[in-house]
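Common to both upcoming complexes is chain A, partnered first by chain B, then by chain C.
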Partner chain A sequence: MSGVSEVLSMYRVPREVSITECHEENIETEQGSFTLKYPVLSPEIVVDAARKAQNARDVYLAHLPLMEVVEKIDRAIQKWLDPDYPLRRWAEALLPILTGYHSDIIRLELKRYMRNFRKKELLRFLDEEFDHPGMLDGFRPRKSGGMSRAYGPHMIFHVFSGNVPGVQVWSLIMGLLVKSAALGKTSLAEPLMPVLFSMSLAEIDERLAESIVILPWKGGEVELEAKAMEACEALIVYGSDETVEAYRHRVPIEKRFLSYGHKISLAMVGKEALTADRYEDTLHRLAADIAIYDQQSCLAPQMVYVESGGVITPKDFSQLLACELERYEKKWPRSALSHEEAMAIHKMRNQAVFAAINGADVNVYMSEMNTAWTVIFHRKADFSGSPLNRTIHVFAVDDLETAAETLTRFRRYLQSCGLAVGPERLFSLSERLGTCGLNRICAIGEMNRAKPGWHHDGRFNLLDLVRFVDIERTAEMLAEQYDPDVE
Partner chain B sequence: MKKDSEIIIQKIMAHLTDTLGDEDFQTLALELFRYQFQYNLPYKKFCQAQQKTPLTVSDWRDIPPISIQGFKALTLSCEPIEDCEAVFMTSGTTNPEKRGRHYHPTLKVWDRSMKGPFKDFVLPDRERITTLVISPTEDQNRFSSLARYLTNAVTHFGTARSRTFFTENGLDVDGVVNALRQSEETGDPVLLMGATFSYVHLLDALQEKDDRFSLPKGSRIFDTGGFKGQSREVEMEALYQQFEEIFGVKREMCINMYGMTELSSQMYDQTIRTKFSDGPVIFDKKGPAWVRTVVLDPNTLTPVQPGEIGVLAHYDLANWNSCLAVLTEDLGIEKENGFKLLGRIKGSEARGCSIAVDQLLSANAIQG
Partner chain C sequence: MDLKGNVVLVTGASRGIGAAIARAFAAEGACVIINYLKNEARARDVVEEIREHGGEAILYQADVRDEAQVGQMVQSAIDQYGQIDCLVNNALSHYTFNPKTRKTAWGISWEDYQSQLDGSLRGSYIATQAVLPFMKEKGRGRIINMVTNLIDLPIVPYHDYTTAKAALWGFTKNLARDLGHFGITVNAVAPGLTYPTDSSRETQEDVREMIVKLTPLKRLAQPDDIAGVVLFLASDWGRFVTGQCIRVDGGLV
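For the complex of A and B:
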């Protein structure tokens, strides 16, 4: 252990905002000790910080050409791709302690995640949604005639969740691309990454970073939240249905409200992925989807439908998956759980054990001494959520196409499907899954890694934020007539 | 009833005494486990799934506790359920089919297990007391163990003035007020009894009418059930403060009983009992000698280090027909003189946007 001692503010406000009172938390890490400073907030601080950030945005970011914004984000991201970048090292030291996830997983997944925001990917985000991203700089011609320009909100209030480290960066970058100031409310479960990322931006361009405010507080501080809502033009809320509802009720109608609430993802394994030369890889991929971030991300599978007819049966598959999860546990132990989370796993196991005692064709495979992992095998296809934290249902099915039908009633919650099937079925099955309400089909083994340009929960990343102004063709034509030099 | 059942009942009845020591508890628990393993088939399968059998279990602490979920999902009875004198059900409201059921082929063990400790913890100083009941009793709900409990209390420990004030129209507040005023005048101490939430209604009504009492010396207030939330402790203390303000009954004469449909014995605050002995007043909970409570780590379900919070499991010898070892969903902590109840474990809460199973189930229940 080195003797370094760092003091780190777990917030970011424009320079002229003063935060006088903080409480401190000392944390020991592999890289030495840190003193984390959490601000004591008041409604006045929120108002002041938001106003100054928005001013900074109005006079600077709003006029910055889009490609310069892209360049600047890219340069900040490039820093994060250097293993020796001090802030990355801080993140790698602190996040395992703040979140409980294994340090190797964080190291690996964080850098993979940050690669999503290199320049080429940022261009992909923009091109995906705008015919002409230059619309964010000024009026551009439309195919149907006339001209249009897109304006981002003056200020976006981001309500972040803390389930997956760094996930907030996606939201912050989307806001920057539409040239909005940001007021980010971090969750106490992971308040770090938005702060570190805005520090990186400040290293590149301090004026740009002036339009970002990051403040941690516990959800439910009604006065702070009211001020934040007043200050913003748009809200993006991540979290549970309860969290989303709590905000939705209070948002004035004229503000744009985007939310990313509860979602369930699942996986489907076709018999073609269970051939003698394939099944091990299939298992390995699925175990990774379950183990990375302990299914806390809504992208991770909670159940898997396994087709009969491969060299291993769905039941064999469950047992082998259990072995694979045991190996993960040895290599990358799951994070420690709250009492509630642990008991939820016992309840799920009990439910299955009792069903089996009552004659249901159900088998439970589980880590022996604790709740580290659980595989529940069901002979009969059904739908069942998981209490997460490496708990998965395996449903045996004769064919995946039929299984897809059972999903429809849960459409409101469905999100990703990790799919392992041959090319001849990929599209027909995806059609069915799409009809059932899923919005993302990806490879198993990649479920936790949504790609740039993903239609997040079936929606847009940028288009939903902006407001368009159209100059109709008629205005253009009429303007021509007022040209003193017109013939 | 089968012969073995009669034998086990007899043995247990003989041991439902204050003086039951560790050694006898051990012997009896293991014998009861053998009996239940033999006759309670779902429980046997549950034990086998955990590789626990009478051959491998040599200490009562190793007897696998069955979760209270088991009382919902399984039929846990050594005797045929058709022949049972009573079945007590949990009060789950969402799905009546899925209420926990506890079968009692005879109520004599249950009754015996109730009476001694009741006397010991609630009425250590007297034989009988005027008992005013504000929750439903047995004639109103024969499937409720609490109703049976309340009726027993009135029958065996009540005076002629004892009454229940819960009718099909709800609580008869005026009746309660009159009875309390009468006690004030005559100096006849009362025992108020009811579920914790019943008091909330009563106190609201009394506060609205601005009724205050100064109940005679020796009066006491009994509540059970507590509050479900995480702030249990705070809410309970606030309630006891209101008891003092409105009824003039001090904290040490208030007693919270901790009982469960899935058990056949009850546990109590030791307030009243210790008040009437010479030592200091103890607030920790304790059960009779035939109940042992352990605090388990929710992750491993093995005992926590002393002083750590965990989930409670109870080993109740009076639970002869179902399972003597029951795993609750209550958090608690071991104390010097018993244990402290910290409230119910909430449903699991996912940290982010991923929906967890409880919420999904409730969402489905809403949809329909």
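For the complex of A and C:
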């Protein structure tokens, strides 16, 4: 351990907001010791911080030209793409300890994630959803006549989840692009990245960062949450169905409410991906989707449908996947589990073993002495969620097209499908999957990495946040008549 | 070396190197299936000797060139122990190692080659195929194929025997490539002339002396020397070794 000793506030408030009381946590890392300061919050602090952030936004961010906002975010991101950037080094030291994920996974995935927000990608986000991104600066002509302008909310209350490090940055950046102030409630599981990212923004433009409030508290602090809801114009809630419902019931009807709740993703492997020259790569990719962030992201697969007819059977596939997960465990051990999480895995294993004893067509492959990984092979296609943490169901199917049709029953929960099929089937199968309710088809091996401009849960990133104001053609025409110089 | 609870099938284990390997496994706590073809009395001696020392062994007669017989042997081991952790392919078609009476390149027939290929290569293939489903299911396993250092240095050119063993070494490397994904290692052990065994009895003193002279460790191999390397490959210490051939010949080749 080096002699570095840093004190780091796990919150961010505008300069004139004073937080007097904190409790501290000391953490030893490879880079030295950190004292993390968590604020003791009151409803008054939430109100005060939100008001000042919104004022800062009203007088500054709201009037910044969009391209300047893009440039400033890009400059902050560029800092994060430098391996020696001090805040990146802090994140790489602290996140493995705060989240339990292996430091190599954090190091690799964090930088990959940050690359999603370079200037060129931000332009992609904007162009994807706006005919004229300039609408966020002022009225712009419409193809159908008239002019329109888009306004983001004065303030967005982001309720972040803590399952995947850094994922909150996406939401913060989307808010900045529509020129909204942010009040981010972080999860105690990962309160770090929103704070560090807003610090980076402050290094680029302190006035811009004044529009951002980041506060950690444990979900269910009703008074704090009520004040936050009052202060905002829009809410974005990430988390379990319970979390989403808890907010949905309380949010006043006039507020915009967006939620990203419980979702299930899956993978499909066609026989053409199981030829003698391809199967190794196919397995390696799928194992990565399972191992990276231990399936905590809703993007990660919970089950895989494997087609018969390749050189390896679906059962071979299960055995090989088990071996590959064992190798991942040696390379990047899974994070430590809570008692409840471990029990969920034991329960599922026991049920499967019991079913196998009673004659069900099921084989269970699992790590010995611990819950590090579990593969449950089913000879009969079905649908079954996983308790996560590197636990997966493998279903043998004669053909993927038929399996896809059975998914319709679960459309409420379906999100991503990692697909490994040949080009002649890609579109026909995607059509079926789309019909069943899935909204993202990606390569296996890339499931955890949604791309800029994707339709999150089938919706928009920016358009859902803004309201449009139209100047109709008639108003334009009539105005012309009142021109003192009119013919 | 802790091999307690491991289940090991040694083919051709009634005598010589095979018997030494079986005894060594048993001494380290493994349950050993002693396979033999004809010599029941000698095989029974090996089993009894193991049991006298508190080890566990069972006897199974099967011709490794016969799929049905090998299938039954493996199934019977699974029924008894539930698993097979290690397969040692040691059996070969009967062969007499006699430098004086060996067949020459111009006197040997294809049938001679075929006979050795059937025992060394096909026998190993059949036994491997029989244990594979169980090793795949466990996600681990060890397959050890007995070859010879004559592949590197045919100091006495036993054409049919050495060619078949060279084929087994090729089989080993290829198998290692595919089975590694399943957590199964496949290696070969290449003994030098090992004495005393039934096979080497007819190798005359002058040849033995010549080999000793050329050998850095200045003696011939003994069956226990070979067994030690086999045990290493089967043990947890050998877990990251696959597709290798370890020469056990005192440094001759």
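In this text, the second predicted complex is superposed on the first by the 487 of 487 C-alpha atoms of A that agree within 3 Å, B and C clash if a C-alpha of one lies under 4 Å from a C-alpha of the other, contacts with A are read in each partner's own complex, and residues count from 1 in each chain.
Following the convention adopted for this analysis, a contact is a pair of C-beta atoms (placed from the backbone, for glycine too) under 8 Å apart; a residue touches a chain by one contact, two chains touch by 3 or more.
Everything numeric in this text was worked out from a predicted model, so none of it was measured.
Once the two complexes are overlaid through chain A, chain B and chain C fit side by side, free of any clash as defined at the top of the document. The superposition of the two structures on chain A yields an angle of 70 degrees at the Cα centre of chain A, opening toward chain B and chain C, reported in steps of 10. In the superposition on chain A, A:Y365 makes contact with chain C only, not with chain B.
Within the superposed three-chain model, A:E280 lies in touch with chain C and out of touch with chain B [touch as defined at top]. Once chain A of one complex is fitted onto chain A of the other, the partner contacts of A:C298 are limited to chain B, with no touch recorded for chain C. With both complexes superposed, B is the one of chain B and chain C in contact with more chain A residues. When the two structures are aligned on the shared chain, A:V13 is found in touch with neither chain B nor chain C. When the two complexes are overlaid on their common chain A, residue A:E326 makes contact with chain C while staying clear of chain B.
Fitting both structures onto chain A leaves chain B and chain C with a minimum C-alpha separation of 8 Å. In the superposition on chain A, none of the residues of chain A is touched both by chain B in one structure and by chain C in the other. Of all residues in chain B, only 42, 45-46, 49, 67, 69-70, 73-74, 298-302, 309-311, 329, 331, 345-361, 363, 367 touch chain A in the complex they form. Those residues of chain A whose C-beta lies close enough to touch chain C in the complex are 280, 283, 316, 319-320, 322-324, 326, 363, 365.
By the touch criterion stated above, chain C contacts chain A in their complex at residues 136-137, 139, 181-183.
Listing the residues of chain A that touch chain B in their complex gives 161-164, 167, 189, 238-241, 260-264, 295-298, 300, 302, 336-348, 350-351, 353-358, 364, 369-371, 384-388, 409-410, 413.
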